[in-house]
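Common to both upcoming complexes is chain A, partnered first by chain B, then by chain C.
Moving on, here comes the complex of A and B:
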């Protein structure tokens, strides 16, 4: 199980929880599992063309992931980052 | 043309006076600052965009630190709901221009600082001349369109930028120096206005911008003095609930539209739906007593549109008013007002209302050309209405 840190604007889907846990050997599998647990959260991050939306960044450990096929090790935390506009 | 990194560091001039040595004694004890560094801070010119949650603490610490010239850009007026986090203002400031009140407070804190109030809405037409006199820009704006405008102007005009943003209990901060790493567009290439919730919609812990604004002041001082390791190529994420700081590496994107290898943005651009201060000045206004008289005389031809958030509307509103929050108007234009469940389409005059008049003015300026009918604003908002017409109105 991978620890997934949820960006503040996405926590409505996890009922405020962060971090949460999800399973998957790749980022695509991990996000699919996350969506099973918290329906709707994946679409806020990934568009219909299976691209990461421009206001979302995903980091595996501290490295940015730009490809959903990227492998994810269970011991590496995943951070979902969302642009914020408040000042 | 891109500036060299040394452009962030102003030249130090004359030695410090005895009074300055006393005031900044704790800085002079730091080997990284000392007398030369303090003189450099005195020669520095910093512009803060947005005198809000982030801008207030950043400005307080930069003024206290002895940054010689501080400019504040904000066209908005102080509202009561600002006071939970915008620590430069008091209850007596409600209704006053933020930029002017902030400068007055900072002048009391440190009379040695030159303070410049820019009570303007930053836009593509004025960003170059506004930024020109300054060495470094601190972005504390609360709109994504302004963030891109500020970022693009900093890249194009070679200005170092310290950026931060907040949401509920979370904040992010990063710095940019021309030629030394990624810009904000490298991190988030493009975001449509309205995609992200604002603090007024989502809420924000009052002390959160205090943490992030203080980080911005720290970054600004480091960049001005060329000390330490600034947040270049790194984004710092603070989660106040779990009390965590996380840091992520970000790289400059070769395909970035403004700082990439083949940029498509060659001049700062206004976000879609932007309206200038001049357009706002042209909006016809009704004083509360004029509106009360018009409603008594011709209520059938007036439609009251309250552009506050639904929670504010629920607390109290004018009889017959409908609620169309400003973010919806910004996103959908006149269609937002037309979609409201009422017969306003048949009515001739639209009167836009909010708490103090700032949001309704923006709505009017946005819709004046597309509404196809007379568009008016309640001047001074419901605060003025309560004072002049109905003291029992709950807000």
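Moving on, here comes the complex of A and C:
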């Protein structure tokens, strides 16, 4: 099980919880499992072409993931961040 | 007299309900809902008035739709929001950035809805908005990549003005900015451009079949062959089965021009419509002409226009009103409402004769829609 840290704009889906747990050997598998547990959360981060949305950043441990093929090793935490500028 | 009228205000920072008393004299602004979310459009289902859909996005997050079954007191995110089909290898990969427009389906098809998106896409729901599917007949049309080339305009390429002919559920119109007006007579399986007579003076060849910039298109519910269009290049009327739009904006005063975003029709009189002209000169300020806001009304289908500005600021008022931010209600003497990007809502309860401000200091307003009952 991976510990997944949820940015505040996404915590409506986790009923305020962060971190939460999800399972998967890759980011794709992990986000699929996260969406099973918290329906709808994945589409707010990943578009229908399976791209990470422009203002979302995903870190596996301290490595920023560029796509969903990124492996997730056991005990590596995942951070889901929201990045936006402007008012 | 209107009863239980609510204006739903979609803003860059949330949704607001502005509720009228029975005489539409007093207005009560409810607390923000979805505070901080970008709310593009909030639309009541006329077939089931307790139900509303709301198009949302948050700065960071992808687009979605929420649904209410109790007149907007509670909202729940839908199960499958609008999303394009997965692109084949080597094809342009479209992804919905924003759900821009919501239209209830035909009265005979309860639970059906259409959504228009940025970049341009058309989606249909048959279960009250719970799940959405692309209208493949449009997206897979061989000309769609030319009709909707994905111009990266500041607010994105928008699909809007989804119109359903009240006589025929299979007869649809859409507007694409930039792209033009398109028509389907088979429920969205096939589409054809409908832009003859419309100027496109920003294009190298203005005599094109598509590539136009309709800002807002509407049809009259009681005379559905009567269409009006506020375009980037003027105001038009089309009486089907004709195919050539007439530039009725030529009858506007030259110093005001015929540029704007919204166009609204009288709920019962097909000859009456209102526009809100904006400055479309040079760099396109898109503010009230000369800083003096005015609504213009036609009562003869665009042969002449009258200025309606009583109660509006007399000067130094640089308002912008977006295409979804003007509406009427269903009262015997219809109310007319508009919201500004500066966060004001203005109301006329005498069909535009006089105006007053009924809400201010709201976030940037994207849409104003009336909900009855």
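Note that in this section the second predicted complex is superposed on the first by the 83 of 87 C-alpha atoms of A that agree within 3 Å, B and C clash if a C-alpha of one lies under 4 Å from a C-alpha of the other, contacts with A are read in each partner's own complex, and residues count from 1 in each chain.
Criterion: a contact is a pair of C-beta atoms (placed from the backbone, for glycine too) under 8 Å apart; a residue touches a chain by one contact, two chains touch by 3 or more.
Worth saying up front: this structure is predicted, and the values here are computed from it rather than measured.
Superposition of the two structures on chain A shows chain C clashing with chain B. In the superposed pair of complexes, A:62 makes contact with chain B only, with no contact to chain C.
Once the two complexes are overlaid on the shared chain, A:39 sits against chain C while remaining clear of chain B. In the overlay built on the shared chain, the residue A:84 is in contact with chain B and with chain C. Once chain A of one complex is fitted onto chain A of the other, the partner contacts of A:26 are absent, as it touches neither chain B nor chain C. In the overlay built on the shared chain, the residue A:70 is in contact with neither chain B nor chain C. Look at A:49: by the touch rule set out above, it reaches chain C but stays clear of chain B.
Of the two partner chains placed by the overlay, only chain B lies in contact with A:18; chain C stays clear of it.
In the superposed pair of complexes, A:3 makes contact with neither chain B nor chain C. Contacts of chain A with chain B, set against its contacts with chain C after fitting on chain A, overlap at residues 7, 9, 55, 82-84, 86.
Against chain C, in their complex, chain A makes its touches with residues 7, 9-10, 39-40, 43-51, 53, 55-56, 82-84, 86. On the side of chain A, the complex with chain B involves touching residues 5, 7-9, 11, 18, 54-55, 57, 59, 62-64, 79, 81-87. Across the complex, chain B meets chain A through its residues 50, 52-55, 139-144, 147, 164-172, 187-191, 195-199, 202, 204, 209, 235, 237, 239, 241-242, 246-251.
The residues of chain C lying in touch with chain A in their complex are 58-62, 64, 77, 79, 81, 83-87, 93-96.
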